[in-house]
Amino acid sequence: MQEAMINKAKQLLADGTVSRVIGWKRGEFAYDITPAVFETAEELEKDFVFDDFTSANVSKYLVKESKKEGKVLVFLKPCDTYSLNQLTKEHRVDRDNIYVVGIPGGPKLDIEKIKAKGITGITSVKNDNFTLKIETLYGEETMPFYEAVLDKCASCKSKKHVTYDELIGEDGDTLESNRFDMVEQLENMTSQERYDFWRSELSKCIRCNACRNVCPACTCENCVFDNPASGIDNKAPADSFEENMFHIIRAFHVAGRCTDCGECSRVCPQHIPLHLLNRKFIKDINSLYGEYQAGADTTSRAPLTDYTADDCEASIVHERGVE
Amino acid sequence: MQVNDNKEFQPLIVAFCCNWCSYAGADLSGTNRLNYPTNVKIIRVPCSCRVNPMFILRAFQKGADGVILCGCHPGDCHYTSGNYFTRRRMTLLFSMLDFLGIERDRTRVEWVSAAEGAKFAATMNEFTEAVKKLGPNRRLEDLRCRKQ
Amino acid sequence: MLRISADKIYELLGAASAAQTVYIPSEREDGEAEFKKYESGMKLTNRLNTLRSAKDFFFPQTEDLVEFKVDGKNIEISDVRKESEDFIIFGVRPCDARSFTILDKVYLVEPVDSFYKNRRDHGTVVTMACSRPAETCFCQTFGIDPTAPEGDCSVWNDGSYYYFKSNTDKGQKFIDSVTSLLEESDTAELDKSIEKTKEVMKKLPLANLSTENFGGDKLNEYFSSDKWAELSESCLGCGTCTFVCPTCQCYDIKDFNTGHGIKRYRCWDSCMYSDFTKMAHGNPRLTQLERFRQRFMHKLVYFPANNNGEFGCVGCGRCLSKCPISMNIVKVMKALEVK
Amino acid sequence: MQRIGVFVCHCGTNIAATVDVKTVAETLGKEPGVVISQDYQYMCSESGQNLVKDAIKEHNLTGIVICSCSPRMHENTFRKAAAAAGLNPYLVEIANIREQCSWIHKEIATATEKAVILGRAAIAKVHLNAPLTAGESPVVKKALVIGGGIAGIQTALDIAEAGFDVDIVEKNPTIGGKMAQIDKTFPTLDCAACILTPKMVEASQNERITIRSFSEVTDVKGFVGNFTVKIKKKARYVDETKCTGCGLCTEKCPMKKVPNEFNMGLDNRSAVYIPFAQAVPKVATIDPNYCMMLKTGKCGVCSKVCSVGAINYKQQDEIIEEKYGAIIVATGFNPISLDKYDEFAYGQSPDVVTSLELERLMNAAGPNGGTLLRPSDKTHPHTIVFVQCVGSRCDDSKGKPYCSKICCMYTAKHAMLIREKYPDTEVYVFYIDVRTPGKNFDEFYRRAVEQYNVHYIKGMVGKVTPKSDGKIDVQASDLLANEQLHINADMVVLAAAIEPDKTARPLATMLTTQMDTNDFFTEAHPKLRPVESATAGIFLSGACQGPKDIPETVAQASAAAAKAIGLLCKNSITCNPCVAHSNELMCNGCSSCEKVCPYGAITYIDKEFRMPDRTTKVRRVASVNPAVCQGCGACTVACPSGAMDLNGFSNSQIMAEVDAICK
Amino acid sequence: MNKNLKEQVLRSSGVNVLKCMRCGKCSGTCPSYDEMEYHPHQFVYMVEKGDIETLMKSPSIYKCLTCFACVERCPRNVEPAKVVEAVRLAAVRQQDGNHLSPDMIPEMLDDDLPQQAIVTALRKYAK
């Protein structure tokens, strides 16, 4: 696949279709891959990589890149195409200036899950028929492939590219996913249990803003949390309230816009399951206002900028669930 | 708010009222001398759709024990559609607060028309009682703001 | 050297914690390690290092500085400083131990930061030598020997025993407080284990990373390098690297209106943030490139320039594993070096 | 530094009896920024206002807080006072310590405490108030009247008279509306056509009036003074400019079996038709549902006989776009459908008719040339029963909850006319109440009873049964005699309730005006602004606002015209300054705000920005038209970056209030 | 006027008699009108006045066929038939005391008595 992608990129660079390529660049180790812009065939040959660790959603870079001179080629996994559609819909990217090559999706691997097994000194990770062979400074280790799959891939919602100019490989379909299971599990807890769960999770937050800055829906010119004029800006969670505040408001701002790409949880250095907040909104929207998948198209009205005269009342929150 | 051993807990309730219906409804309950507790403090907004979730969280941060939003009845919005947006926004926000384990009875949306002075007073009485039962807001408070 | 058999280490921690609070690195549910207050039953982690560095103990993420109260038209100012209690951080890795030396150079020089000093004076740092370095480790680059840790008291673990050596009075006091549990022994076994570690050190992927091309005199060489654009291109501008870094020491001061007064507090800042050092006229570093450059220039050039060649990095490797897009100081060093 | 004045009103004892106003004034006087805090007996009185004005001047105040009654009462009073003293009127805040404090609380201690908190919130807000200046927007000096009935015609004539251009859009081929179908008018019994048709002609001849018949409004954009309206001119397959209205085509048209809507379907017309002799414009229209040429392509008779070549089978609907400064809605009414009232046998017997059908049956231009004959067998009816309140005054599930207002009078008129013309006919009127408030109305009704011996029976018809002999059995109660009656009638006339025209609701949506649950347009104020809608620049004329008889309709039509003229006279209008505005530096251009704006006040522009790093960047940013924005604030919450804010109710102002209250 | 009786009739009928606008359509539509001493509209009005006992004594309560024409046609949804039925029920209840005792019923049975009559007898006359 990597070969095919490099060839495609080289071809499109050569024939002048595009002037830059957004992809992933090899790092120091087996897994530390950095999204990067490539401009020449040599750079591609040298550093372009596509493997089990190229999980980063690069669509957000298009906000910046699509406004530069010349067309940009971007390789998007199915989940990433939803993000691009949403950005297109919100006029945050110039779609005409983007050449999308759809590539197959995951499942991608989570190095943190490997390290959490106590495996250290990792020098290489190989997938041998769904068993990971991990070379380390202290000898070889193995673990089942699926135990190291990223959470976002484990609950994949779609293998379908919703926007592309060209595909490498076959397009897939949307999937029946179990992505709301955990949300439901929490909903079935008592209020106190939920409170305890979220307190223990959110208290880990160090406000590094990685979740926000990686989020393709968070592309504000100036985030309210960075803007002293907003009245709610803060830099560090000085109190448990501020941990709540940041995550509630952020989830609310992306409600109806979040494509559930899962990047927020992937990048959280503290492993807070932030995607659950977004999924809660998605689940509520689906059940209260009809199925809605942000980014599935570029024209539909988002649930929060829409209404019907017979929407349910807010008291529905009081009427359902356990106490 | 303060809890004294010999004094009943007095919750602080912030009520956002739209200018055209609910604020007028609140005025009407005054004109008709319909009592509701002093715990309720009203903030006038042009339309319920002006109420940003930030305001609600801010109220809880600064010590409110309950927040209630009042607007025109759906279909009667002075601005045609404002309260429909409010309804969706608040449904989702309240659901999220519930998801985070914040007590459901601390937040509420009620549609009160300019003619419903009695409903306004009854709603405020009822809501204050409900919040009183919950006791002080602890799950969504900012400890720095707690009154000594 | 004094030692205690590995199975008795919790006895020792228990004894120490009777006198003062002891923090140890222990694992939490998600497999990451963090420093926690020792209570009986707790286990030391097997992870090499904690997710967050140990700098929190002396330089916490947020800290109240002063309070104002407004009464009518009068303002009343109150000092909120409290004398810290004595505490022990057990199991600090050599890299983190060195980070304190770096922070000291910032906060203990005139004007001394009394908040920092207060904590520093009351904390005893008990370091733990490394035996299983990770691929992300490059402390050697900055002259740190992970088998010979600094700190008030150094500890080695060869698998069967923990060996103790005090480096300061505070360290000696710690050893004295648990001396009844320790036994005198030779270090033959330990030396063997150290040798083994040193062998691994040589094989580390970053073992050859060198600082020879960096230092206080390299300002002109690197400041205008065209590499910065490429390196910073994918930077998200989040503060992960800064907040897990043991040596990042920047903070911002903010006021918070509590409704019954104003709390002035400081909190960590990150040079990666768009509002870093924002002043009335605006932000001196307008683009992510400049902010990105700031972080690495600070560690590799500005800091050594002001501190007799000492670098502002200890090679702990946290930013290598935590950066969401895997951009880090190693990649920067390697990219800049290429002539 | 702010210099804020606080003024606490006693409102006699209204406030002072439960709120310790002295303490309130004293406590608030200690708030930061407050330089003067006073209390006074009646702050809204002239001397009270003078107190405020003097304080503004003396202390050079930058903002004032009035602790008094509801801002809905006196906000404007104090804004004007502030303006008179040289302070921007939007630097005034009101703390409502009467309706929302003194009147609802009993304990002085707690009420005073609350008053102080409300005062503090107002002070916190006024600290952040910015002086606002109302913007101006130009007025297009042309009005649109939607509906060409008597209401629309009168409104148009009055506006034209005042010297402004006015367009009438009428969905039917002719103007005239319901009044054109009516035979005589009460209480004077003059002929409707005699008084209406001259007005129709006047309208068609007035050079300031353009009649757009057979047209419908399809889209309305814009705002007061500046509406852009799309009008669909439906294809009538006849060139209006050529047609002379000679009527030859209508005579020659072979398709003659088309129910004649002008005569309520009681007779037929041809496929090409002119609704009635005095139609304006007097132009033929081809009904595409019946025209053989249009349906099958075979015929073409009308085209052949037309000497001026006005027939054009290829005509298409046409969309016209026009700009107007004011819009007057005059969409009128219709009788309700009687399908669900089985008991009255409407639909079972042709001799059970509605009142409007009776009008046509009695009209000289009607199906029987003015002789009242039973529709079934064209015989002269000897017993006629009138039933009042059919579908009016009902429970919501059974019909219309309101009184249709005109039925009592037109029934008296019908009864009287029949008795006058056919003295051998017995006329019974079943009524629940006879409602005749109006000049000479009750006299008129009494005349029907006393002079014409119409049998008025208090009671209701319970069941109407057509019999095999062609008669109709009417079973009813006579409440005063306490007996049940059976009347062997020849005809039954039902006073059907009236309802707004079906086109009104979609129109209301286009105009963003409000309607009540019965689809009548809601006036801006039921007493004080009865001819204006709540949406600026939209006025209401005639029965679209509620049931009305002709004199009332004409009165309201002229009133609506006067209001519209008042608007058109202005060169520009002052806008509400409490509108949204977008901070372009923070705006993402994501379009969220635009989607929630009910007025279409937000547009996007690509704007060049000089970045702090001296580069130029073109960004899509939102721009609010302050003349269109009504200040609801929906956009401010839809905006994730907080770029959108609302003057007078900004994020920081509301949060300052929250903070002050939660202190 | 017996307030309790009025309450009882209002409660058991579920009718709001104040909705009546006195149009008389119920009586105009009633097929039993001529049989009745008090007519449907009078039932509504008299219940409103509280004059229930007069109605209870009147044979009119047994003349109503419960055809529900009045309910169907009442423009205000007053449902006069339900009022009549409620008054009838009030009368039946007052027969307390002189009702049949269940053990009297078997004696009265004969083969021609419909089953339903027995059920009715028990329902109406047992305590």
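Letters A, B, C, D and E mark the chains in the order given here, with residues in each chain numbered from 1 onward.
Simple rule for what comes next: a residue touches a chain if its C-beta (ideal position, glycine included) is under 8 Å from a C-beta of that chain, and two chains touch if they have at least 3 such contacts.
Since this is a predicted model, take the numbers as computed values, not measurements.
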item: Chain separated most widely from chain D, comparing mean CA positions; value: C
item: Pair joined by the larger number of C-beta contacts - A-D, D-E; value: D-E
item: Most centrally placed chain - per-chain CA mean versus overall CA mean; value: B
item: Centre-to-centre distance between chain B and chain A (centres being mean Cα positions), rounded to whole Å; value: 36
item: Distance from the mean Cα position of chain D to that of chain C, given in whole angstrom; value: 72
item: Length of the line joining the C-alpha centres of chain C and chain E, rounded to whole Å; value: 90
item: Inter-chain centre distance, chain B versus chain C - centres from mean C-alpha coordinates, in Å; value: 46
item: Shared interface positions of chain E, touching two or more other chains; value: none
item: Residues of chain B touching at least two other chains; value: 53-54, 58, 62-63, 81, 85, 89, 142, 144-145
item: Of all residues in chain C, the ones touching two or more other chains; value: 256, 259-260
item: Contacting chain pairs - touch in the sense defined above; value: A-B, A-C, A-D, B-C, B-D, C-D, D-E
item: Chain D-touching residues of chain B, taken from the complex the two chains share; value: 12, 14, 19, 23-24, 26-31, 33-36, 38, 41-47, 49-55, 58-59, 62-64, 76, 78-82, 85, 89, 121, 145
item: Chain D residues touching chain A - in the complex, by the definition given at the top; value: 585-592, 595-596, 604, 617, 619-620, 638, 640-643, 651-652, 655
item: Chain A to chain D touching residues, read off their complex; value: 67, 89-92, 219-224, 227, 229-231, 253-254, 301-302, 304-306
item: Chain E-facing residues of chain D, complex; value: 343, 389, 393-395, 397-399, 430, 432, 458-463, 475-479, 482, 484
item: Sites on chain C touched by chain D in the complex; value: 70, 72-73, 257, 259-260, 282-283, 286-287
